[in-house]
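Heads up, the next two complexes both have chain A, just with different partners, chain B and then chain C.
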Partner chain A sequence: MSDQGWIGKSVKRVEDYRLLTGRGTYIDDHPPVANLCHAAIVRSPHPHARILGYDLSAALAMDGVVGAITGADVLKHSKPFSVGVTAPVQYFCAATDKARFVGEPVAVVVARDRYVAEDAADLVQVSYEPLPAVVDPERALEPDAPVLHEAVGSNLANNRRLVYGDPDRAFRDADVVIKERFRFPKYGSTPIETYGVIARWDALDGVCTVWSNFMGPFIMHPLTARVLGLPGNKLRFIVPPDIGGSFGIKSLIYPYMALIALASKLTGVAVKWIEDRHEHLMASSTGTDRVAYRELAAKKDGTILGMRFRWLDNVGGYIRSPEPGCSFRPTGNFVGPYRFQNLEVDASTVMTNKCLTGPNRGYACGHLYFETEGMMDRLADTLGLDPVEVRRRNLIPAAAMPYRTPTGGLYDSGDYPQAFDKALEMAKYGELRREQAKARAAGRYFGIGLALAVDPSVSNMGYVATALDPQFRAKPEYLPKSGAVDSATIKVDPLGRVIAILGTTPQGQGHQTVVSQIVADELGLVPEDVTVVDEMDTFTRVWSISSGTYSSRFGSVGTSAVALAARKLKKKLVEYAAHLMDMPPEQLEFRDGAVRAKQGKGPSYSVKDLAGRAHWNTESLPEGMEPGLQATAVFGFTVAKAVDAEDRVNSSNTYGFIAEVMAVEVDPETAAIKILRYVTVHDAGTIINPMIAEGQIYGGALHGLGGALYEELAYDEDGNLLTGTFMDYLVPTACEAPTIEIAHVVSPSPLTPLGSKGLGESSSMTVPAVIANAVSDALSPLGIRINELPMTPSKLWKAIERAGRSHAAPTAGHPRSRPTTGPPVQ
Partner chain B sequence: MAEMVTVRLKVNGVAHEGRCEPRKLLVDFLREDLELTGTHIGCEHGICGACTILFNGEAARSCIMLAVQADGSEILTVEGLMQNGTLHPLQEAFREHHGLQCGFCTPGMLMTALDFLKTNPSPTEAEVREGISAVLCRCTGYQGIVNAVRAAARTLGGAAKVESGT
Partner chain C sequence: MKPPKFDYHAPRSVDEALGLLQRYGGDAKVLAGGQSLMPLLNFRLSRPAALVDLNRIPSLAYITEQDGQVRLGAMTRQRTIEFSPVVKERLPLLREATKLVGHLPIRTRGTIGGSLAHADPSAEYPAVLTALEGEVVARGPKGERVIKAKNLFRTYLTTSLEPDEILVEVRMPAMPAGAGFALEEFARRHGDFAIIGIAAMVVRDGPRCRTARLTTAGAGPVPLRLRAAEEILERDGLTDAAIEAAARRASELVSPDADIHASADYRRHLTGVLTKRALKRALGAARG
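Right after this comes the complex of A and B.
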């Protein structure tokens, strides 16, 4: 990488031409095979009901209907998906015995066109015996609660108690102990393109091809093959070049891939299914809603001695892989950016009659930091310290990097105090506090929030085993899991141009642009010389179970594979040129698109020249050199290890950092929250394309804001979905989106060839924390603390009304002075 | 089999004639019958705006209109924005200001912004935000889009208003 290089420049995206002119290729755009038929899915209207029988006769009698399958066929022709826990949960791609949430698939109708399929789906008769439902995770664990899975015997899908250090001693030694209960809402990032699947099961050659907007991880390929009874090399997953957003949500399309594949197998035609928005909101995927009980032990000076987390994560009707990642994905960074060594985590995963869950942008970290950063402010309040000071006192210092956390994480690089200071400086923290004092004196509710977070990227697949008991993992038949791998192939064509081939399933992150920058730098070319192919095909791409674009992994692991492949190819080109020039390879280098002598002038061989010779005249190759100008690299992190016997695991591979400051004003009459300042400082190592990085931060922040203020998949007590359309499920528009002041601190990762880390989830994991802290600070004169999201105007208004009856308007004084007793927002 | 109707309309300056069921949505007619897949479907209930087209010169949602309603109309879709192989200034501005990531809402966003700039050629930032609030984007946090629309307004000849406040 040189100062003159392409890395670090805001190169405009090559993807944009096709996407701006209506020529993208999304799953719904181009039929990959002729004579497609169309599916409509029949779904349960009941939150919880036993299925007594099906009557397909009216549907099948309709003109244009090709066939239909039901849960009975699913039971007969497929197996349940593996789940990540030992509880005997049978999760099929459609309901087989009972429906356990509103919208669960119970049958599929296949017809000549979608309109006919929808008509016929209405004629499918399913007899149900409705059963009592439960939606609240605490209620679900009561002894008299309705039980979803009789074989499990209760609604507890999993429980792990993890102990690191000596938390009991930390709490005994503490000067102060703080306890709080938090609630995090169920929301999903609702990509504007919904799920889409096309399947063709060829009865003669036995190959089932599934086209879809699946984003990975490709662990779901072997899992789905097992469900369908196919060997891996007879199940082909193809992902088209363009995916219309995902944010984690499209990793959970895999049950539909199995369901539509079965529909194709049993009807004998190629079947296409495009999910509609109502289906998406009812039955795709969201993050979990969580009830959290937090305890913090600290010394009087603010030094944290230890913490206790008790979590109830609500995974809906079935625990579906990769859950319970909702609890364990951040295992290595449970302590965040803080130094404390003693931690107890009691993580329960609970099943209720809500739709299923999975990764949503910021997977499990939005929850984690909402709680931890809320606790930091409560500690500051209790000790009468500024929230800045409390955080500074506990931050991991730069000199401690690389830092091993008590839970097994290995923070590869970073200077957290410096990044925090930068955020405070940009926000003019001192001035904001003075402004706050003035505002309070004038009777206004002005608040300042802080949030710090370690931003994990590239999940180590091994973290999922934290869900299992160490005794279970110690059994000889248990196979340990670990890894975070990606691959890239780079080839030079006979005319000297470069093609890079990935299998990364991007969903708008601009991989083609970023890869062209990296390859251009490595080979001394310009990005236009590099064509990047990034769609996935499990039959032709080099891939592994961790492949895909999720957990902010491309900026770290994908780019590493590209750089390594380019370096491998470069080495070959240099060796070939050395042979042609009759010089030792050590005296040559790649410069300005050609292999040249490191010193002095002399002959040079351009990539084009070498390509022509190598492709046309293999006799010119040195003895022993493999013909062809291409290189494939598979990059894997060696720090990705299996969880150990003490439940420690390096759950991600590179770890960035986020420091945020937000100032808000709350209108006590309307409970409207106005964001006055929002500063975010990120450390994601080397930034390859600043424009794309900024876009990721903006997008991530708005997802966090949606969850904090507007979005909730709401259910009534009986399990009926209340937010089945975009009229009820509120997605922020441009009017609600804040302007953000963004800066970067760069601590290159020592673990990646380019020094880059992931950035994709970014502020989605900090905004719920920073805005909750800011609003709590604004309303502190009323004694209101935010411990539940979303902060909808009605909830906030009620809290203000309640508090207003017992507290006076704000008065001048210490800006953070607040009554010690006040109602939490519930 | 339902009765079929004939729909004659002009799309991107080209006359088309098709036959479809009276219940067929305009967006499905554009995508399936005319194979203009640039117009996207995001919600099918008129909220997300991904399917926005210009219908007789005004922004309209093609997912809550029937194809038969468009009989005799003139429609502009995203495919019709580029002229003589050159991007429209609005498209160019989206590229310049990173106004898109996954690109799925982009066709609806472009058509909405085009209509908005006709009625307000030199908008403030707040007016742009209001103007494009009819389309949902989940990737960009909207900032790149807002910057792009304002830049396009300048290119297209509107004098930027002096802003107060934000």
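Right after this comes the complex of A and C.
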């Protein structure tokens, strides 16, 4: 078996037996301590209101109520979380002075069960002075807008103007300049399992243990320790064996970890809180809604000279870490797969009375590529070029790899033109265009969309400092940040079986399966011989600030740590066998699960044999060899460096590529969009388990479809939430999933031992772009361009209806011909 | 998301259930399939003193045929209706509508009586009951009364049932043999409540249309019979022109509300589009 290897095989997921039979152990099934009490959180019904006082008397008088805490206790017993910007925003784990969005926690009631806790929460009286609210990021920056944080003085949490190359010159030299305004909606991930926290603050040993479905990054551990006034070694984070999805959202559970820990401290009991779905939709986390102004400068032949981005990212009531990653997370890949060198980015982070934000699958890349790929199509239109051609003329060629982008990214490998060609070939692009011409002749709205994206994985946490002014970063007291680190330990027991211990926090990605494949290959075993343990525990695992399972890092960081730990152990096994065989280690090799002579016949020692001897008889070890058969490896990318004085940063460590083609038809009567073809080609380096990789692509695509067509966390102008249930916040289901045609191009990463890259965010970042481009193409005879998502049938119909009054029905002709004066869809 | 405290009763007979309703004097809620009531309780939007659970009264679940009517016990599950040979034969429009009700697990619990008593104007069953001129039987302390569909639905989530009454039976006249029918629905996702739905039935008589029935779902506070549109078909037959005219008329007859999913204008427009589509499909299926 080992000749062929387990890597690259669709090994069935070992996790699925327990998950599919309902035997997973999620946070709500996890009984780590006896006599748990249950919390209900009292939340602000107001989008914006000053808190005048609390009356807990009726709640505390209820039978079964243990205690309650309010924002006043939070203010007294905790500190605000540090934020990633210099604006003086005080973000506590609950509202202390004002409530700034509907659903913001204002008090916590602890009772013997959740029913009583909710009954008592109903009785908590909070007096509010309602204040005017603002939800639109542009409106929020007007001088007369209500101000959320008086200490900041306006609603602008941060602004950075980043300049790379000479954008002004690029625009001066341009033959064509294109300007567009885009709006990207606020949506999340709605993982099937909501947040859950269990906290026990032990007054005797001073240790606060927090069990939760937190996924990292473990930068939140020191931040939370500081908030709670604890040394790091008195705050213990433990995750349960199973986490039911996250997609970035569960990295924002940390304020609740602090809040429930405080509730435990102040009530003196262990406290459990499981977020319900209504709470999740109101007050967990989403991506930002963004208003973007884009400008593109190009030559007549389609060569892009430069771009300008002006962004207003809406982070809701408070900016909180890791925001403003909403703007800066993709810094290294701001230019996407294109060669242009001149770029200006003006990124504003705005606070309004909406719920708070954070990473959401594809962190900011869905926004980025929706805008850029929309601009590419506008450029094609303007120049009368095919959108394929305009992209080809600007793609980074394979020969340029590894490629340093003007913004500091280091694209490690890839052949973008090849992957693009593959997607076009699979979709039979030429045939689709002919089909389109026929459809148009028959009066049908048939459209073809393209989207290309550089898929960044494994964030280098150093990117967050791009938010800060270079002068601020240059101060001697400023501590630079960088890194992307994960660990793994592999140990062989006396019977020759292997346990691999990870520092990761899988949320359904199948780490146990993938690690068993890697270890089996390295040690010549079968996956069943390898037991993989995750269940992250900050007291017992080797971890660092950037540990965790976020930013698609397991596929390259976690797997690298595992491979390196296995290789370390293998080296030890070879050295031990060499000693037993009295041969030089150089003449031995690890082959088919045993250490053997490289040449000729001779004795061999299997892993099992060596394990038995090493454990039972330490005398048999060579002099100086450490007893036991275990190895720990900590893998860190050396390309993860701090942001430089010119705001350049390699914000990720591995960079994949995505090329997509989609064909749609829009029903002229109902405006319903039907996806006819959807082809997606990915280059994520070595694929360890194709089945799992495909699952990620399916999920990512459907997630992107959610943002493009269905999902929006909507508020009215006064800040009231309109989408508090799944009847109004529509998540696409299997029934809405199109047929997805997937292919891979493999350009192994030179930076990882296995050549693998991350893939978990995948098509979530391209589908909004590809479907918007396809629908724009379908409706181009009407002059309709899609610059705003989600495209609901109602909105789309309105645009068709309006355009229909000024344009004739579709006619045959040049497939890309369209009136140039049409209004974008608003 | 836990309900406030309530008493729970699981009576074994309708009389016992009626007694309980009387005891709570309008403060009790009847629990059927629970597909709408349970979320309302968990959101604390409904805070009854007691639930009277009908699920332990087996005599409330049946499908029979009598005097040209199909009679369905109020506790008949949607899933049972979906597979009932009687419904397939006599009420094929109801069968088609049932397939559009939510998703399989919802239909497994949901009941016809519960759906009608809940009176969600976007739901399929109120539209079908209205289109087929069905009726329901309500039993109260003073005995039974029959309420015609047109008198049952008052406004959003409100019926003419009294608080001490229980909807015990649903009656729909068997559809004429050869009747063409269709339920056209537009929803953003599979299984969602309709943004607009149109239930249609046509009975052909050669080139003429003997009977036309058109009812909306989602186009206002109650399911609406589009009588003026029906009359066009009954007068002019089932020609393309008549169908177009009926569809146009249909969109003029409704005054739908806007919500987060659709504007009022779009709903009005869809009413016309779906009326046309429902009629064309119904016509294609009609015999006679």
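As a convention for this text, the second predicted complex is superposed on the first by the 823 of 826 C-alpha atoms of A that agree within 3 Å, B and C clash if a C-alpha of one lies under 4 Å from a C-alpha of the other, contacts with A are read in each partner's own complex, and residues count from 1 in each chain.
As a working rule, contacts are C-beta pairs under 8 Å (C-beta built on N, C-alpha and C of every residue); 3 or more make two chains touch, one makes a residue touch a chain.
Computed from a prediction, not measured in an experiment: that's the story for all the values here.
> Could you say whether A:G244 touches chain B, chain C, both of them, or neither, answering first, second, both or neither?
first
> First (chain B), second (chain C), both or neither: which does A:E344 touch?
Neither partner.
> Does chain B (first) or chain C (second) touch A:C735, or do both, or does neither?
Both partners, chain B and chain C.
> Looking at the overlay, what does A:D412 touch: chain B (first), chain C (second), both, or neither?
neither
> Between chain B (first) and chain C (second), which, if any, makes contact with A:D119: first, second, both or neither?
second
> For A:D276, using the defined touch cut-off, is the partner it touches chain B, chain C, both, or neither? Pick first, second, both or neither.
both
> By the touch definition at the top of the document, which applies to A:Y710: first (chain B), second (chain C), both, or neither?
Once the two structures are laid over each other on A, A:Y710 reaches chain C alone.
> With both complexes superposed on chain A, which partner does A:P191 reach: first (chain B), second (chain C), both or neither?
first
> In the three-chain superposition, say which chain, chain B or chain C, touches more residues of chain A.
Partner touching more chain A residues in the overlay: B.
> In the overlaid three-chain picture, which partner chain does A:E522 touch, first (chain B) or second (chain C), both, or neither?
Neither: A:E522 stays clear of chain B and chain C.
> Pick out the shared contact residues on chain A: the ones touching chain B in one complex and chain C in the other.
In the superposed arrangement, which is not itself an observed complex, chain A uses residues 115, 276-278, 725, 727, 733, 735 for both chain B and chain C.
> So in the complex, the part of chain B that touches chain A is made up of which residues?
1, 21, 23-24, 31, 36-45, 47-48, 50, 77-79, 81-82, 87, 91, 94-96, 98, 100-107, 110, 128-130, 132-134, 136-146, 166
> Which chain C residues qualify as touching chain A in the complex?
1-5, 39, 43-44, 186, 188-193, 195, 260-263, 265-266, 269-270, 273
> Would you tell me which residues of chain A are touching chain B in their complex?
It comes out as residues 12-13, 15-24, 26, 28-30, 63, 115, 189-194, 242-247, 274, 276-278, 507-510, 691-692, 694-695, 697-703, 725-727, 731, 733-735, 737, 739-740.
> Which part of chain A faces chain C closely enough to touch in the complex?
It comes out as residues 114-115, 118-119, 122, 276-279, 669-670, 672, 710, 714, 722-723, 725, 727-728, 730, 732-733, 735-736, 792-794, 797-798, 801.
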